[in-house]
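Take a look at the structure below.
In order of appearance the chains are A, B, C and D, and numbering begins at 1 in each one.
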Amino acid sequence: MAGTADSDRRVGWYRQMWTIRLFEEKVQELFMSGLIQGTTHLCQGQEAVSVGSISAMQPGDVQTNTYRGHGEALALGMTPETGFAELMGRSAGGSKGVGGSMHFIDTSLGNIGANAIVGAGLPIAVGAALSFKLQGKPHGALTFFGDGATNIGTFHEALNMAAVWKTPVVFIITNNLYGEYSPQMTTTATKDLARRADPFGMPGIIVDGQDVDVVHREVSAALERAKAGEGPSLLEMKTYRYRGHSRTDPAKYRAPGELEAWKLRDPIDILGAKLAEEGLLSADAQQQVRTEVQAAIDAAAERAAQSPVLTLEETRQYVYAD
Amino acid sequence: MSTLTEAAPVATTEPEEVELTYREAVNAALEDAMAEDPTVVLMGEDVNADGGVFKTNIGLPERFPGRVMPTPICENGFMGVALGMSITGMRPIVEIMFADFLPTAGDAIVNQLPKYRYMSGGQFTVPVTVRVMSGGGGRFGTQHSATAESWYMAQPGMRIAAASSSQAAYELLRASIRNNDPVLFFEHKALYPRKGPVRRGTIADVGTAKVLREGNDVTILATLLMVERSLQAAEQLAAEGISAEVIDLRWVRPIDLPTIEASVAKTGRLVIAEEQWHEGGWGATVISELAMRGTPWKSAPRAVSLPHDLLIPYSPTLEDEMLPSVDRIAAAARESVGR
Amino acid sequence: MAGTADSDRRVGWYRQMWTIRLFEEKVQELFMSGLIQGTTHLCQGQEAVSVGSISAMQPGDVQTNTYRGHGEALALGMTPETGFAELMGRSAGGSKGVGGSMHFIDTSLGNIGANAIVGAGLPIAVGAALSFKLQGKPHGALTFFGDGATNIGTFHEALNMAAVWKTPVVFIITNNLYGEYSPQMTTTATKDLARRADPFGMPGIIVDGQDVDVVHREVSAALERAKAGEGPSLLEMKTYRYRGHSRTDPAKYRAPGELEAWKLRDPIDILGAKLAEEGLLSADAQQQVRTEVQAAIDAAAERAAQSPVLTLEETRQYVYAD
Amino acid sequence: MSTLTEAAPVATTEPEEVELTYREAVNAALEDAMAEDPTVVLMGEDVNADGGVFKTNIGLPERFPGRVMPTPICENGFMGVALGMSITGMRPIVEIMFADFLPTAGDAIVNQLPKYRYMSGGQFTVPVTVRVMSGGGGRFGTQHSATAESWYMAQPGMRIAAASSSQAAYELLRASIRNNDPVLFFEHKALYPRKGPVRRGTIADVGTAKVLREGNDVTILATLLMVERSLQAAEQLAAEGISAEVIDLRWVRPIDLPTIEASVAKTGRLVIAEEQWHEGGWGATVISELAMRGTPWKSAPRAVSLPHDLLIPYSPTLEDEMLPSVDRIAAAARESVGR
């Protein structure tokens, strides 16, 4: 049944959220040391959205996400080592090091796309969902994208197609209030983006993106509805990213105190407090989880750095299948 | 979940010689591909209604219920949908009503279809075929008359076919659909009513050009409607004692340089007949590749193209003047042999 | 003041609507005789939308429309001769014969674009409106497009930008129930397209597109609001095209009786009945208008056919300004 | 209503010699253009925040309040808005953050900007400048590393500039903004920190290439980052006694064939250095045009391009290998002179 998660799973989520948080912190560190180059878009603060949503998926379900997709990839089960190797451009990376930070992909885990083009992942997820429907497969698709992405044409096109064809897809807006340096209201004629579902006769639901239990419940329900043939939904996760947009962004555009206010509702803390209160994971045990995760992350980064780099000639096989 | 379309063809088409219009040949290729492989679907604007806008899809909605799918008007969106279908077990064919609408789907064509497999380190195959109705001469005006065959030729990860006859339409479309990578497949609007023999069941090789008429004095290389005009020019030239070899390029990506080189090694002369501006097109690329190989020309290569720095007008007489004609092709060939 | 039109103007509208109707009929005839080639998208049945909307414009206002734009062009004051010359590819055409049926343009009349690409005219109108606002000019813009066009990304992008920037623009959907051969509901997840305004916090108004008085009143009001800085509106004109989508379309997809039912509410008849009832234009006088218009149309077509065709070299000046 | 931007420049910039980074040169061109002409505005994603994503816009929002306008993320949409502004009295500059996003605005770029004047029979002028941040080497991966300078070169009605240095950035951007037709103006991300002299107030000619270093043995023709690498290669070659002439193409459309021809007439040899695949690019077009003019080569022309049928990888070492290097350019030049 949608929305009920047993205690063990929730303890698992707690660990996953720390894995994402500390993975991202490590990425930042490795950047500073030059082991990772280019750019990266970190998702600290948004862990409940990734973990709560992904945990609603069943075997065979798929999702697409974005350049800010480390959280979803890890929640789907990508190992930190695979992620670090990708970021270091090594062949042990999920995309063999040719993809990089913006393309954590693993089809065996249902991660069928991390896209560096804003809005491009939505129609692809609609297509996957349509394909399941046409083939009579019982699967569905999620697609993650930002508040800024709701202003680009593919958003509108994808929602319309999904609604017309009643494809089993759930649209998940990770509304972290900013598209790059632009506050939502300077670019977007809607405060509550869930409202953008209405013209398509589709449920548009505002979700507390800081509470993994709530996220899980809402995504599970929407995915069940979608698979039952009742059509797609648009879920707006209200959340916040702790870091700037990308590596080079000091995030000066934030209102004073805004970050601090959001940290008071940190998604890991919220779940941690509940688990402690419910007697499922004590404060000490939580500290222990964090320590273990940190050790695993550190070890993973070290192992990843040992992986070789492909030759350019070896990458040729990834260009064409035939 | 494997992303390969694992469904082996469930049927094969019996080889059969028939006489078909170009339009019917496209239809036959679609029909045979859909009959052989249940994962093949056809989608696009109005593809299901009244045989489709150019009547290439007659009978398909009835024969394959649910597999001829009309879409809303949103080229970038439904091209992305096709991509999503292709990596989850299907083999979609997308119809783009006018080549000029390809840029509306620009991101899907440049950043998604050809790169999707690569970005994943080879985890996906992307068997999407994009059927594009192209070409001028229809008095459709400047936003509806492009061939567009070269617009995306620079992009690795995708292939580009262009059909010049009924047989070519049939076998190249079959090859495009079978191929496990994205293919842009170009049809020419002016050719739909042309009739010609078709060997049904044939599937073309990817990447091979075809010598349609042998000759010794000059090679004429063309695509789409220009192939027909080149063959007509070759007739004119023959009457004047000039022996022209006519090659149908067929694949704009990859370009079959060996076939072209072999011909030019024999004739020493080359005329490009292209319904596009010379800048940035396959014609310029062919000449450049030959030049870089040190081809010993008997006379400088020539190109008959859309006139430089003019756009395609609606006005019928002007449009006719704009497009490369049989006479202009013949004249270029004549010049190249010094007459 | 918005929405009140004096008697003379309304009699003028009656004549304009006949001009559009008979112009289009003549186009069909000239096609059959080979004097016009290519394709054309006729607008018989939609005359009230064109005339009622365009008559709401003030000097300096502009509009963009589509390949089905003859009605708007004529309502703006393009002479039938100019139109026929364009269709015959002659230099007396508004676009010198290089544009053709899909590009009736006259900047001196405020017709700043007839576009053959679905959805392309909307952002252009938003841009014109933004430009007026930035320059402190008191003008506004209309943009006409079809029901099918509300599914393409630029629709969404244009509405969002217009709403964010509060540009003086009015979006006019000519909802004739079909996009080419596709009935609206097979491609569109919304029956009442006016609803698509809601997520942008913009009025979405359903308008009887058969009644020119109603159209004029609603467009006038929306344009006034827009110019007063109160933001854009989305107006859905419920109407119908009598002919198929384009020259080659026999319109077999229509439900039996549908065309006939719409003809019972013919826009010219509706205005004619009112004018007769109000004693402004008798039935006889109406017949007289029709006869005069027909004569003018016929004469215009003959004169247009006398206009020369440019040389290809003469068209070069239209490619670059510098 | 006239659609010409009638506002004559209200000020002119005093000629001044300064030392600027390429980034500062772009900034200076924007500043001077905006100061001289009040109809010039700058728009695009995040153009106003923190100097813009590549810090080219520092100080402009403060100096020109309301004229540096952030847009939502919708390239096709805001490109259309710019067009609408340009035909109603303004002169917009649109910023495209990565060249790879140009296809997202594909329709505006192919069917609107270059054709809008034409479709109206010359009633409009469309003075839109599109500033494009382009190029590889930043480890941005395969969807963020294109130069794209040749993608739209086939299209009459539009011009294309590419800046290789601080001076070029300044004077070409000024020329692009002044021009009354649409211009795609390419900046290279890797060049932003480079320093060089700039003569402020200069406005480049449209369509002229520039000989940056004279030489007699071989001509090297390049754009963007490849110009710098070609100059470095020329240094290497000089040490070996090979005299290379280096030309910065500057305009991909129109191509300055006379300047190139004059150089090749002298050297008899040509090396193209291009950060793009050879197919469909300006390099192929240049070689083809020269071949068609019967250029008497001393040795076959050569091209140093992105490797055929590979895509641009993230992996830093691989990306470095992918892009044409100084060594590869020098090697091609050496080969062409037979060493």
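Structural remarks
Simple rule for what comes next: a residue touches a chain if its C-beta (ideal position, glycine included) is under 8 Å from a C-beta of that chain, and two chains touch if they have at least 3 such contacts.
What you are looking at is a predicted structure, and each value in this text was computed from that prediction instead of being measured.
Chain centre most remote from that of chain A: C (centre = mean of CA atoms).
Interface comparison, A-B versus A-D: the pair with the greater number of contacting C-beta pairs is A-B.
With centres taken as mean Cα positions, chain D sits 31 Å from chain B. A separation of 40 Å divides the Cα centre of chain A from that of chain B.
Separating the centre of chain A from that of chain C, both taken as means of CA atoms, is a distance of 46 Å.
For this pair, chain A with chain D, the centres built from the Cα atoms lie 37 Å apart.
For chain C, residues that reach two or more other chains under the stated contact definition are 97-99, 103, 115-117, 151-154, 157, 160, 164, 186-188, 315, 318-320.
Each of the following residues of chain B touches two or more other chains: 71-72, 74, 76-77, 100-101, 104, 107, 111, 118-119, 141-143, 156-157, 309-311.
Residues of chain D touching chain C in their complex: 1-3, 41, 66, 71-72, 74, 76-90, 107-108, 111-112, 116-126, 156-157, 179-181, 206. Every residue of chain B that touches chain D in the complex is listed here, in rising order: 76, 100-107, 109-111, 114-115, 118-119, 141-143, 150-151, 153-157, 253-255, 276-294, 297, 299-303, 308-311. The part of chain B that touches chain C in the complex is made up of residues 45-46, 49-50, 53, 70-77, 100-101, 104, 138-144, 307, 309-311, 313-318, 321-322. Of all the residues in chain C, the ones that touch chain D in their complex are 60, 62, 64, 93-99, 103, 105-108, 110, 112-117, 120, 122-132, 134-135, 141, 153-154, 157-158, 160-161, 164, 315, 317-322.
Within the complex formed with chain D, the chain A residues making contact are 37-39, 89-90, 97-103, 115-119, 148-149, 151-153, 179-182, 186-188, 249-250, 252-253, 309-312, 315-316, 318-320.
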